[in-house]
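First chain written, first letter: the chains are A, B, C and D, and each begins at residue 1.
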Amino acid sequence: MSSDKRVCLAYSGGLDTSTILKWLILEGYTVVCFLADLGQEEDFAAVEKKALALGAERMVIDNLQQEFVDELIFRGIQCNAIYEDRYLLGTSLARPVIARAQVKAAHKYNCKILSHGCTGKGVCCSPRKNSLSVIAPWRMPTFFNRFAGRQDLLNFAAENNIPVSSTPKAPWSQDAFADLRADNLAHCSYESGILEKPDMPAPKDVWTRTVDPLEAPDVPTKFSVTFREGIPVKLEVEGGETVTGSLELFKALNDIAGRNGVGRIDIVESRFIGLKSRGCYDSPAMTVLRLAHIDIEGMTLDSKVKSIMAWIGNEWSQCLYNGMYFSPERELLENSIIFSQKHVHGTVNMMVYKGAAHVLSRSAPESNLYSEEQASMDTLEGFSPEDTSGFIAIQAIRLEKYGAAKIQQGEPLARSS
Amino acid sequence: MSSDKRVCLAYSGGLDTSTILKWLILEGYTVVCFLADLGQEEDFAAVEKKALALGAERMVIDNLQQEFVDELIFRGIQCNAIYEDRYLLGTSLARPVIARAQVKAAHKYNCKILSHGCTGKGVCCSPRKNSLSVIAPWRMPTFFNRFAGRQDLLNFAAENNIPVSSTPKAPWSQDAFADLRADNLAHCSYESGILEKPDMPAPKDVWTRTVDPLEAPDVPTKFSVTFREGIPVKLEVEGGETVTGSLELFKALNDIAGRNGVGRIDIVESRFIGLKSRGCYDSPAMTVLRLAHIDIEGMTLDSKVKSIMAWIGNEWSQCLYNGMYFSPERELLENSIIFSQKHVHGTVNMMVYKGAAHVLSRSAPESNLYSEEQASMDTLEGFSPEDTSGFIAIQAIRLEKYGAAKIQQGEPLARSS
Amino acid sequence: MSSDKRVCLAYSGGLDTSTILKWLILEGYTVVCFLADLGQEEDFAAVEKKALALGAERMVIDNLQQEFVDELIFRGIQCNAIYEDRYLLGTSLARPVIARAQVKAAHKYNCKILSHGCTGKGVCCSPRKNSLSVIAPWRMPTFFNRFAGRQDLLNFAAENNIPVSSTPKAPWSQDAFADLRADNLAHCSYESGILEKPDMPAPKDVWTRTVDPLEAPDVPTKFSVTFREGIPVKLEVEGGETVTGSLELFKALNDIAGRNGVGRIDIVESRFIGLKSRGCYDSPAMTVLRLAHIDIEGMTLDSKVKSIMAWIGNEWSQCLYNGMYFSPERELLENSIIFSQKHVHGTVNMMVYKGAAHVLSRSAPESNLYSEEQASMDTLEGFSPEDTSGFIAIQAIRLEKYGAAKIQQGEPLARSS
Amino acid sequence: MSSDKRVCLAYSGGLDTSTILKWLILEGYTVVCFLADLGQEEDFAAVEKKALALGAERMVIDNLQQEFVDELIFRGIQCNAIYEDRYLLGTSLARPVIARAQVKAAHKYNCKILSHGCTGKGVCCSPRKNSLSVIAPWRMPTFFNRFAGRQDLLNFAAENNIPVSSTPKAPWSQDAFADLRADNLAHCSYESGILEKPDMPAPKDVWTRTVDPLEAPDVPTKFSVTFREGIPVKLEVEGGETVTGSLELFKALNDIAGRNGVGRIDIVESRFIGLKSRGCYDSPAMTVLRLAHIDIEGMTLDSKVKSIMAWIGNEWSQCLYNGMYFSPERELLENSIIFSQKHVHGTVNMMVYKGAAHVLSRSAPESNLYSEEQASMDTLEGFSPEDTSGFIAIQAIRLEKYGAAKIQQGEPLARSS
């Protein structure tokens, strides 16, 4: 068949993308289903079986976990990525890996069309599509008018033998209505349904990656994380294992932090399109590693470099959040991030306990920035206490002028009250 | 006596400033001692008695707690102030209040000279001095060469009847050697001594404002904080008190968070002068309020305004950290901060438990930014899912060009591996 | 007639909007035409006559020149607005004034619909529409497919008795094909046609606001501009007039600078939507005033304030360029801009001559920032040359550490070559 | 002689450094004089003769012009370096080259001490000194108290047979009193003396690098500059020469632009230490190249990359101005600058005429960012005019909310006046 009628569909096995799969077939397309394995909990065999049963030509399942950790998650760690001071970008980090692999699958299986279940409010992100076109049913009137509510989907499912989970998912689950899984190694995200009331606490059973801090172990877990060039390379658990592979290390930290209730984030965030939405995120390893990395940078980065990198990291975070991974600015920013980390080597000792992560101490023997002798006053070579007076006198020149102007303007700084 | 020989000395009662007091008197100065009451734990009567016994003409003790909370601490909360992503600026916030009051005291008691015990590495901060001059003994060779070590101070104390605490303070206490007290409402800071080894955890008994998370209550404390224009105006504790005065509210939060082990910060930071130093800080109320304020801004600030204010808040934090409070840039930044908070009204529900503070939910009924109906897709008035396709198509123009150039340069974005 | 079929159309009298006017009438709408007078060269009576002849119910012509200068142009001057280091935002400054007035006209004449001739690549900008809807024919398939080329427009004009200028406009004129006039007080812009070849110089007769520098007078014109709070309030021409009203002053400067060939800008810029386009702009008064304002800020703004305002001014420029005038961020930024200008008072003496504007000297008697005595070394009160050594010693702490690390890494800074 | 008494002095031959040279010798030092040749007008043989006559052991003259252009000047061009929107950093760019070479000379000739004639207000800049110490006489009380005025220097000169120029230099010349020459390839700077009155125009004969625009040729000079990776690599003068070596190209442009009166800058700037000072600068080639480079970036840099680089370039400029060349932040910033320029290839056609530089056209055949077809509406592949509506609708979400809130607060955006 001509590749013009061959579609590569991002397929999750849920109601949404199953509907799209069937609809595409009914519209005369041949469909290759694609699913990225980013570490989510999923019965991949069942998804494949379902796809083929519904008429897909093939189900491609691509394990991208290693790439996800090495190229996205750890880049985020290197620049202390965060969005609006809270969100650790779990979904944003996953998108580029998925998009890149889906394009590759399309090429491999001779599809000229990509399709996905992103709704109108989601942001997708794609690399150069190379003459691929896109069918996004949830943005097409012929589709979204036909499937205006969940019942329409269920009716279509019944008519077309699409199996529907007999135990309906919890109403806050995004899986109930949207097929874009946000469950991946970096986090598990929860939105919509009951969570759309931001004045209601998230129900206890929303969270799947972290235990309730109140039910976490009574004994803290202590461990150390070692960084080379800003990348976590070794995890040593007190009285326990030592882990060195990047993917294994990240998974082990997800486990340790999650068991201790660390990594819950509940926020109202600003979507790219300008709307506010409430999201709950479970990000155990991300939370711990971001804190550890900031700490080791305290030992190993010059203050001015730190301040420039704070700006760069913020730009990178915005770029990722807005779906702009495959952009020249991301490439520019990453070039700086990697360069800045050349000497970020060291070890951070931490503790997780009942919902909190604590830095206990750290060492960076290869860095000369911290010096115990210099930290105590007396021994700073080539520097005398008088120098500080000069430094302050010079700094004060501007302030004196400002104060004098204030007095002239009748606004003395020393309040009269 | 001519005001030219009258000194207003920042006096804490410790060994350092007691030495300076005596030394000034021996040098022929008349000394008015000044001490700001910013909520630190202090036996003020004992300090006064000691100052007078050593020969001070007068001991001025100024309660500045209200001003400290209203003008500095809450301004910091309004702009989510933080330094190097960790430090909540407790000392930096206190300095301007102290400096302003000391200048006022100098004028009141006819002193032409200010003096203080800041060492060469500390940053002080002063408003327009109005023809006042400064004696900073720790930066004067005649002084710092004479008192090269602690033993010199002790010898001088013995010779001059300066009482020395019989129970020597812990070696990590800054009170042991430096008179710049960092204990105030905002935090208690700990530096030097054993803490100068950043690879050693802080000893358990360093911390005075927060209990050890492992020893915190087994039951969480829940409360809500209400903001008007970004200022905390009400604290309601579940099953407990309601507090509304700014100073009272802040103290109550210090107590609640401290009892639950919340607010410990252990970092290596970059001093203004470029050195790294390790500091431990206990900031219970600051920690909770910063988190609460970020959360309520999520409900009430436009995303672009939020992003501009993140930059402004960072500038303000740098400005304070660097001792530049009495500067035109601080005035400019604060003007923006206050303006940005005009509609930051709402209530955040929180929980503190064994070292962690959690946001549980929030409400901001006066804001139209979050809307439950809009948060669910279908009902966004004047917005159709197709619009998103257009939005994405436009965004993609740049990305397509980038991707095309990459291919031309032989660096396809879809990796071949 | 019900207001649901009443349209307020931005009408310029050109072929585009005349076509839209006729098309709307044929579609059954009643049309109120609206044209903002922002100082462009226009035969307003002829436009009105044409609109009524084509069937408009009414032609509203609104003189907004004063508001344009006071609220937009001079705000841009206060923040040294510029886009991509070159473009002085003439079109961007005009849009909000037009949009606001058109909405007002719609309300006044009971129209529920706005319409305009913006094409797909233009950015429009509107305030809260208050239940008004928009018809943008150039973005509607039914319209843009029908009028796919200029000949379609001409055929429609012939069929519908739309008068077409008998002398065809120059091919580079935007008036030839687009009705969005960019001619206004701030500038005259030229795009498309022959200008789309960026490697071809703009033809000599493109420029209408400035004379060719080669043909400008052989004698320079000297004048001074006086600012209060960053706003130009007086223009004194050497040997000539003194002008004080804001609109009159701006027009006089357009004349003086234009006669001397000052203000031509020829660039390739990045459109909001990501495309590059070549534009030529004649901005005589803007060019002179921006330079003058930067100069007077040199005398009157603290260095750190200047650096913060450079960032704010850049944000404001981006905001205007992107059509985001009616946004919370613009309000926030303007609040800062106005605050920063409180003490920007002074006079700048300038010369324009054959295409260049030169600052010759300036004075700001109310500012204490520049001081002739301090500018010479010896007399800086409270500041000694030794202080500089201290200042430099402190600054050097970071640099020494960096240099030491470099040597350790085998990359000495002093090159061996 | 022990290297502890061997000094490497930055020596210019002027009164200041001649005095220092003699004074050092009288104090018992052996002095190696050092002078960097950065293209200034200087009789180097005469300087050498004078140094040796005054007792210097050796006069080292180092031609650093090539390094100056390649490593500093062109890096500045690549990032559009500018300080306070006006100053092209001629002195700041030269300092690191001088400092690095002086350190090298000190090592080569076994000196343990560096010395220079920088006064208290100047900023110097040095790489890792490697155990070198510094004697800065103008910051030492024993020196500056002895030489409190010019007459003291003249007396000392007379007593010590220091030849003094018989034709006294113009009073505004910095050579008259300070030995830090700011004359170099990048610019010639003029300060102090009569220029300290910022309300007086600079005297006509201050300027040495540029002719008076009023006396410039009546015929413009046209030329093109070609860039590779943001570096000027070819200059083609219409009807004239073609120059390709970096140093030769820069010198040729200095000549062409200078002859046409291009490059004069007269400003009041903020010194690093906070004072304002007035400076006049002649920077012909810098002015032309900065404009050309900005223009070619318009063709070749993505808009978002451009906006990030504007920030980076500003940081780099601040860094250089503040004497922080040998810093980790400069290295970080330059890494970004170089990366950003990878595809900045193209040719800019310009004209200089009577004080102004004009861009006439440009081409960048290797870039796909500008496209003549896309610049005209109709042909943008994969993009339809409807997409713009979607884009605008999404953008408007935030603005609608803002407008609605304004109405609720009684501040409608459409003014009622």
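Quick note on the criterion: a residue touches a chain if its C-beta (ideal position, glycine included) is under 8 Å from a C-beta of that chain, and two chains touch if they have at least 3 such contacts.
What you see is a predicted model, and the numbers here were worked out from it, not measured in a lab.
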item: Inter-copy rotation, chain A to chain C, in degrees (Cα atoms; steps of 5); value: 180
item: Distance-maximising chain from chain C - centres being C-alpha averages; value: B
item: Centre-to-centre distance between chain C and chain A (centres being mean Cα positions), rounded to whole Å; value: 40
item: Cα-centroid distance, chain A relative to chain B, in whole angstrom; value: 30
item: Computed distance of Cα centres, chain C from chain B, in Å; value: 43
item: In chain B, residues with contacts to at least two other chains; value: 273-275, 302-304, 324, 327-328, 369, 380, 383-384, 386-389, 391, 394-398, 400-402, 404
item: Interface residues, chain C side, partner chain D - complex; value: 80, 84-86, 100, 103-104, 107, 119-124, 126-130, 136, 138-141, 144, 148-149, 192, 196-202, 213-214, 220, 264, 266-271, 273-278, 294-295, 298-299, 302-303, 306-307, 310, 314, 318, 323-324, 326-328, 349, 353-356, 358-363, 369-372, 374-378, 380, 383-389, 391-392, 395-396, 398-400, 402-404, 406-407, 412-415
item: Complex contacts: residues of chain B adjacent to chain C; value: 273-275, 302, 304-305, 308-309, 311, 315, 324, 327-329, 332-333, 335-336, 339-340, 394-395, 397-398, 401
item: Complex contacts: residues of chain D adjacent to chain B; value: 302-304, 343, 367-369, 380, 382-384, 386-391, 393-398, 400-402, 404-405, 408
